[in-house]
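We call the chains A, B, C and D, going by the order they appear; numbering starts again at 1 in every chain.
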Amino acid sequence: MRRLISLLLLLIVALGLALCLSGAPFGARGADEGAGLAPDKVNFGRRYNERGLEENGAANIVTSVVVNYRGFDTLGEVTVLFIAAVGLAAVLYTRTGKAASAGAEPSSLVLFTGCRFLFPLILLLGAYIFIHGHLTPGGGFQGGAVVASGFLLIYLGCPDRKLSKAAVGAVESLSGLAFVAVALVGLTVGGSFLLNFLPKGTVYGLLSAGIIPLIYVLIGFKVGSELGGIIDNLSGGSE
Amino acid sequence: MIVFQTFLVLVMIVAALAAARFGDLLNAVIACALVSLMASIIFFFLQAPDVAMAEASIGAGLSTAIFIFAINKTVRYEGNEKAD
Amino acid sequence: MSFLSSYIHYVGCFSLILIGLYVVLVKPNLIKVIIGINLIDTGVNLFLIAVGYIRAGTAPIFSEAALQADKMVDPVPQALVLTAIVIGVSVLALALALAIRVYGHYGTLDLRRIKGLRW
Amino acid sequence: MVSPVLLIAVPLGLAFAASLVGLASKRLTKFVPVVAMLFNLVVSVSLLPVAFRAPIIVRTAGWAPPFSIHLVAGPLGLLLSCLIAFIGLLVAVYGMGYIREGAQAKYHVLYILILVGATGMVLTGDIFNLFVFFEILCISSYALVAYRGDSAGAEAGIKYLLQGAIGSSLVLIGIGLVYGMFGTLSMADIAANVRSVSTFRLFVSLAFLITGFGVEAAVFPLNAWLPDAHSSAPSSISAILSGIAIKAGVYAIARMVYTIYGAQSTLPCVAVIGVATLLVGEMCAFNQSDIKRLLAYSSIGQMGLIVFGLGMASVIGVSAALFVIFSHALAKALLFLASGYMIYRSGSREISSLDGMGTRMPLTSLCFAIGAFSLIGLPPFVGFASKFMIVRAALATADPFFVVLLAIALVGTVIEGAYFLRIVQGLYFKPTPEEAPEEGTRKEAPLSALVPVGVLAALIVAVGIYPGLVGRALGPAANDLLDRDGYVERVMGD
């Protein structure tokens, strides 16, 4: 019965979507066809593509959108991740906080050495990704995730090494505070939250695009430490 | 090119069905990672390299790890119960 | 062929969403349900990106002078999807933490047997 | 003039700072939410007169609307943000003493963030930004419902999370469809262009958005999570969830239906859903023996009343709905806060165990009774004024359809009266149960609980006697919601 109702529900949803999209062929707003999904209206995407480079000086328009035009969303987004990290720790909180590493068996020498060798390289890669976020694909989120996967590797390869919870918490709080502070500087300098108040520099240069690389590096630190904290919380304290 | 993309989409759908079917949760999670990986390649073909990188590192990498930690702490098989 | 090039991505993303919804509605196992939610998330992300695609477009990144702005795909859905991916992984992590907690209390992940709360 | 963006940025910064403070000194963290909410209250109140003259449009990143996210601090947004900050401040004071177990520093951080999410939702003028703040609100409430880590909390948390996650996915699909149709995400810009798209496509996207936000707003078929979540959370969090979180969901739906889509034709349907929600909520509440579950079901009933008021689509109807939002937020926060310590005292959530509480905790019981009377709608409490306004609005439509619905809604109110009066009778006129611990001794709740409860009770009485204190602000706020052309003009003309 429950299965039948579910399938019926799914069918209705699918039908509605199919009908809705039947007039909207994929990728129609191309150069070869005039009309499409969003004909001659104010279109965010087109404007950002046309003006983004001169307005923000970042070669990667997606970065420009993420950090500047829709930077407020991004602030909310790192907050969501922050909530997940804090909430996870609150949900999995146990009063005793028993040491989990007692039962962990040491990994083999090859794995241990390999991890120790790879870990700095992964961190380097992550840092490269978020520092070059305004020039190449990638940025704070991707770089942060790479950094977190480095922590994951350490957790798997060297179980006796633990992330310091205090250090992780300090990094995520400080980078979050710095994000808000940079945004507020924009408010005081130019009267607008998240204003790109620094000089734009030359396009394609590493030091270009004003506050965008600065904020993306902060996001990288924040995302890396939060995801690292999530991994640490979920993996530790097993029964 | 569209043929290749169609192939990717089909693999993705099959992997999603597999993730829905498998009784062994570990296999289901791996199938789920395959879905994310295929989605990431499709993102790349749709000219969204930023999203492709994020999906590959977060969707296919970290989510899978988080899932495996959770399965490690609970049960591995769908119908299986802890006998206590 | 033109049907394929027009619709294949929509077919893919809505198959994912529907499979995910099916798993959420029908499967009793908690981790399986969370897998379903993960599938829905991936499908929704694919849908958003497909909305912003332009046929024969280029990535919205100026890497060489020859690139034209009007040939680039829409960057906004990509920014939205970056946000959505991160939100998805946050929900996922919290859901699994709660699942671990539930398992600790009830010794099972079967939603039909987790019924401490009934009116 | 301070910028309204500070209402979001400063508490957010304080939340980040709070976990840093928590590393240094565990005792200091509990003051951070109080500081944050005090700041929000002061700023919102000081901005209120300005916003009543003309809405404050805040640009982010310096670009004019619609080309970046903008906040629209209109009368409605600021009024709700005042309410959020006020309830948030009182509950934060309550939480300082009430939360004694678990990871306390994390509780306070999450507590600030849940309010930041609600504030952001009512202030933003961008549909995806609304979704992001909605997620902030939802995810922090999932974590807080399960905060105590007991079996009921974890179960309620995971059920809430699963339904909420599906809801957010639906919202995201809706946003994708909207972006595909209009190429824009600014609410005003969408509202200006909404007539250029076929009705069917509009309907599908609106259906996705309403269903998604409806999960959080707990309208009738989507409210399965609410009784579990509201009753299993710590009492302070129940107060916030009932008083504020579900209101934010309703606000999102109202914004979609009125301001963005202007979909007046769906409204009779909305009114019917509202009345159905009301009846289901009140009838389930009548059968409860668990006090917090009863309060949770009663919240569903009151949500039905709010949705009914919104469904009337007249200025007076929407004003009445806003008044119910206000009165219910005060009364339900008061009831949850008072019942928190009564449960703590009696050691059980059964209603029968609260018998004779009137002699054991006289002040708390008095406040509880005031809250209950206000919810029933007895004069001279604020609930009476708000319910009376709903009645007036329904009669003013002069439409037999709404009058019949109103009659059904009043039946629901009678049921509500029955169960609340039963509880109050138990509080005062029944002897203390024999097995109660420390029977008969008088011991009040601590000061950190009595002050918020007392302030709420005083406000309920004060506004009940002079409804004009709030009533004058409601008309412009309702206009803010209903006047689409004005909204578009003010945002885009900036």
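The definition used in the following text is that contacts are C-beta pairs under 8 Å (C-beta built on N, C-alpha and C of every residue); 3 or more make two chains touch, one makes a residue touch a chain.
These figures come from a predicted structure and were not determined experimentally.
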item: Of all other chains, the one whose Cα centre sits farthest from chain C; value: D
item: Between B-C and A-B, the pair joined by more C-beta contacts; value: B-C
item: Between chain A and chain B, centroid-to-centroid distance (C-alpha), Å; value: 19
item: Between chain C and chain B, distance of the C-alpha-averaged centres to the nearest whole Å; value: 11
item: Centroid spacing, where centroids are CA-atom means, of chain A and chain C in whole angstrom; value: 16
item: Geometric centre distance via CA averages, chain D-chain C, whole Å; value: 29
item: Per-residue multi-chain contacts in chain B, two or more chains; value: 48-50, 54, 58, 62, 66, 69-70, 73
item: In chain C, residues with contacts to at least two other chains; value: 5, 8-9, 21-22, 34, 50-53, 57, 59-61, 72-73, 76-78, 80, 82-83, 85-87, 89-91, 93-94, 96-101, 104
item: Contacts with 2+ other chains: residues of chain D; value: 128, 132, 135, 139, 142-143, 146, 149, 154, 157, 173, 179-180, 185
item: Chain-chain contacts as defined at top; value: A-B, A-C, A-D, B-C, C-D
item: Of all residues in chain D, those that touch chain A in their complex; value: 3, 5, 9, 12-13, 15-17, 19-20, 22-23, 58-63, 66-69, 102-103, 106-107, 109-110, 113, 116, 120, 126, 128-129, 132-133, 135-136, 139-140, 142-144, 146-147, 149, 154, 157, 173, 177, 179-185, 189, 193, 196, 198, 200-201, 204-205, 207
item: Residues on chain C engaged by chain D in the complex (per definition of touch); value: 17, 21, 24, 30, 33-34, 37, 40-41, 44, 47-48, 51-52, 76-77, 80, 83-84, 87, 90-91, 94-95, 98-99, 101-102, 104-106, 114, 116-117, 119
item: Parts of chain C lying in touch with chain B, wherever the complex brings them together; value: 1, 4-5, 8-9, 11-12, 15-16, 19-20, 22-23, 27, 29, 31-32, 34-36, 38-39, 42, 45-46, 49-50, 52-53, 57-61, 72-73, 78, 81-82, 85-86, 88-89, 92-93, 96-97, 99-100, 103, 107-110
item: List of chain A residues in touch with chain B within their complex; value: 60, 62-63, 129, 137-139, 141-142, 145-146, 148-149, 152, 227, 230-231, 234-235, 238-239
item: Footprint of chain D on chain A - complex, ascending; value: 16-17, 19-20, 23-24, 37-38, 41-48, 55, 68-73, 75-77, 79-80, 82-84, 86-91, 93-94, 166, 169-170, 172-174, 176-177, 180-181, 183-184, 186-187, 190-196
